[in-house]
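Dumping the structure here so I can ask a few things about it.
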């Protein structure tokens, strides 16, 4: 009988707390979004699974000696996993469109207003009872507006690890919702005529430009913003491996097996931060609301900047590509292309939108560096 | 609330400093591309690749029924890889 | 040996509790499959795949001498991969 | 001359102990089994090699600062390596045959009697002088009957790390011997007529069933046996990655590069536990004997259960597929198929045997969880 | 204004030290050599990049909590990364040519004179003011003459970690320069007639020989030189995985993804040792000079040994293949082939040179073991 | 400089001991190859492979326009792999 009692006392049923049940449902919700709705499944599937595992009573996945504990402290607390992912993303990124049309960097810059406006908004939310965001919290939340997963995870793990779960959920969910969030904003801020604008074909970019570009970006980051060099540096390393053409086997591994392995563990580790105490509170609602605001403001800023530039520039610029400045590579660029095609079936904006799109990645890494430098100290 | 006010000032300063910096940074990058890279592109243009001079770079196996030895090697490599992955269990 | 006797009792209890639990657990799983999964299978049947609607899912390169562009792309990818693995030393 | 003396004193020849020599021969024996006899070479080759390395005098592979020391404590003591392997195995497992014929779960349950009977046997062996197994030791030994390598390593590393080497050797050796151990037992317990029984063709299984199945298994494990959730959870994560169809690149990596890398280090790390003190004693002989008993009892239980079910069920069940309930995927299923073909050349049991075969994996993970819950505390 | 001041104080420009600038230029130089000159790019590219990262002011890549700090202490200080690389190199190595013509082992032995003569030279450099090499330093420097990257990194990390950066730079640079350094020495020490010598075709080697060979090498190392067993052991494990034919998926992973992943991090970690204090001094110049000497002496010793053997042996031996004894696989063997073809357009020495080439790998691992045993204690 | 002299002696001894040892070690390896391996090679010769007995080991897809099923399987595997790598972004 003793054994049976012991067995019963060791069951989940005998130990469940309500918060754990709710968080498992949240985990199932993330799995649903990933599998049935195809919301950034590469991260949300392991993350949802990690959320379930971490909330299992008795099992202790996230306590000392538990699997998720090791994963979190070895890979996320140290920043190693997001940086490896960023290296892989760098190895997948082609800066050709950006180099061919460097003006689009301004679109990537404008879209970062989503970040800084959200930071302001997060502080304003402190008027809501139950919400008390420090400047560090606000900065970590604001980076959701960067629409870049690894950047958000990296910054949140440094500035506000207790909010990491909610921030990652918001960042990846809204990134998956880009095709739903952006088009209405894009249509509201542009005229039919503007959306029809066709852009000049991009010039070809030489190999030497593509090789020197990541080095130039790194040098500038070193000169002006060393706190962004972990992110920018690993990104540029990946890109240099890609473009140099002399280490194809390293580049291929960084883009495939290494990023895949890291993604599985990153997702599990981020999921392990989805505990009831950390997630089930008013602050999470605030974060989700701010995330939507951040994406919208970022999109609007990009479009408005593109409208302005179109008026000042001699070469026509379709304002839709400004929306791609939020990053969310390559989804945002595809959205720009799609909305453009609706207005003008012969207008293929994809390549033109890739410029602001990858500029947005740089822009949000720079923004993350600024926040680290000014708030992280 | 004095504290709130101060936080707003800090957040506002951050917003201003941040946006200025982001624009400055990416603006300098534009200059970098338009000067340094543009000059490099002229000085070191890509070599002109005559398709026929590098026939094995992209195997032209589009002509039906004509498979180059490189493709055969790749296929047999793929077969080997395929088998080694699927033939061994657990 | 009193100690041995106690160990046997413990081992016996473990055996009994363990087998009961294993059967109970996998038994409930049978019920789960027969109810939940069976109902789901009826509600969400697999979409019927008309072979021609997805011609690029399994490239029908069985007709000799007729290689689709996707296959060519895959082959040249394999060639590239093959070379990058075998062409670079150490 | 001083140098020469120093060089001599640093040679292996000047420092060998007899036990080390014997253990190296054991390591060579494992290599022989792996290479010449094809006994589970993926694990036994690195494991045999690890056994050789760990017994090299002076070199200190398994002392602080040594390679195998790092591997063991980072990957096996923490449980990380067996869990990663289990995730990969999950990504390789197709539960279709089991879902199509869920009754076969009972066969996977029955075969676990090999585990619990062996536990009893291990305690009985305490009558032998020189053998003193605690209940933890007995549980770790008994899991050999689960015929599942990662499960055995995981449980042994938690309950009886000093026996890990012997347990792993026994588990993998007998798994390789399945085609020799099982057929005589299967033939002895069945009539020619029973072996000729043809089974109904399996119904097709839908995608949604395959996706929900691992989640259902995980939920049940959470409710009833949280101590099994590390093993079952990682297994189900792998299986969900496979069946969801949205993260193919993660699933492929988990099945290939990640499991390969982990296997190399798992083998080396397990081999590092094959030291003379831990292996050269009567207990190892006991473990080897118990392992054979465990496999035999498991096989017999599966077959007898299948015979019983065949009598009670309306659809015919060939008792041979009960033997596949020990797991040892997919070897045991192939053995069932082969013995079936001998009796009836038109009787292909392979797919039918895959049901109990994968059920056996779940069954032994559940059994491991029970042992952890009741004995591990 | 406070923010702006803080931002300025956090820039690289406000914090640069001269040494860091110079070391970044050194890093850029390594990138140039890797990309434009194709100097061992697989290691020099990540290494040059690591050199840049580690010298970024404020960012703290190599301080506690920094990415390169983790990489260095987890992978290089422990010796794990070079050992994994060595396993992969073992899995890529075919000992067929060596087994077919075992005499060539003597060429691999002779070429190691480059190592021990350099050790003597390093001690002699202590006469130069500003240079003070201990015997450990001298040994770590001397191993450059082994022309084997992972061996050099492994030994330097054990004997003289503060010199690791300079030693790795020298080792990989001279390995890349083999086609420039060796031919003049080879031509100077041989006559036209000798270079024209054609060698007997190699006998075919059986599978069993290739399987037993790595085990025999390991056993001898265990008997005579346990201190070399980490290097030789992992090398032999890789080779056994290759030749056994039963673990192809492990062998493939060891040769590809695993070695690629490790190479990226090894390069970054080694680059992190390229700090101004450690690199910008007279000792580095001494190391670079000694490295060139080591390669030259090794080449000459190999050629002279081959000349002697040619006179004593009944089968003709082309002295050029002696130069391949320095290792630098397979570059040195190709150089021997090329110089041979210049003298006799029908003389293909490549396969014959592979024997001394892989013998050189074993020879320098043995030499490293001797240095560890005699100097490392 | 007495210290230097001692260092030279140490370095010289190392050089001597090292070279003797390296030659001894690799020399014994020669003996090992000439005795043990040679004997093994005679006792366990490689099985003679008749090309036709293993047609699927190296698929003889050199005859133009005639692609074996194994190759087709490999190609479709390569296509799948190619797509899984290139079709999914980030």
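Going in written order, the chains are labelled A, B, C, D, E and F, and every chain counts its residues from 1.
Simple rule for what comes next: contacts are C-beta pairs under 8 Å (C-beta built on N, C-alpha and C of every residue); 3 or more make two chains touch, one makes a residue touch a chain.
Keep in mind that what you see is a predicted model, and the values were worked out from it rather than measured.
Visitor: Half is the threshold here, strictly exceeded: which of D-F, E-F or A-C has more than half of its contact pairs identical to A-B by residue number?
Guide: Selected pair, repeating A-B: E-F.
Visitor: How would the chain A/chain E interface be labelled, same or different, where same requires over half of its residue numbers to be shared?
Guide: Under half of the interface numbering overlaps between copies: different.
Visitor: Looking at chain pairs A-C and E-F, which one is connected by more C-beta pairs in contact?
Guide: Most C-beta pairs in contact, of the two: E-F.
Visitor: Overlay chain C and chain F by their C-alpha atoms and let me know the rotation angle in degrees, rounded to the nearest 5.
Guide: 120
Visitor: Using Cα averages as centroids, what's the distance between chain A and chain F in whole Å?
Guide: Once rounded, the distance between the two centres reads 44 Å.
Visitor: Provide the C-alpha centroid distance between chain B and chain E, rounded to the nearest whole angstrom.
Guide: 31
Visitor: Can you list the residues of chain F that touch 2 or more other chains?
Guide: 14, 17, 21, 64-65, 75, 78, 81, 85, 88
Visitor: Two or more other chains in contact with one residue: find those residues in chain A.
Guide: Expected reply: 3, 7, 42, 224-225, 249, 252, 256-257, 370, 374.
Visitor: Could you please specify the touching residues of chain F with respect to chain E in the complex?
Guide: 4, 7-8, 10-12, 14-15, 17-19, 21-30, 32-34, 36-37, 40-41, 43-46
Visitor: Provide the residue numbers of chain E that touch chain B in the complex, in ascending order.
Guide: 2-4, 7, 248-249, 252
Visitor: If we count contacts the way the header does, which residues on chain E are in touch with chain D in the complex?
Guide: So the residues of chain E in touch with chain D come to 78-80, 83, 87, 211, 215, 218, 222-227, 229-230, 233-234, 237, 240-241, 244-247, 249-250, 252-254, 257-258, 370, 373-374, 377.
Visitor: Which residues of chain D touch chain E in the complex?
Guide: 3, 6-7, 10-13, 15, 24, 28, 31, 34-35, 38, 41-42, 45-46, 49, 52-53, 56-59, 61, 65, 67, 70, 256-257, 260-261, 263-264, 268
Visitor: What part of chain E is in contact with chain F in the complex they form?
Guide: Those in contact with chain F are residues 99, 102-103, 105-106, 108-110, 112-113, 115-117, 119-120, 122-124, 126-127, 135, 138-139, 204-209, 212-213, 216-217, 220, 224-225, 359, 362-363, 366-367, 370-371, 374-375.
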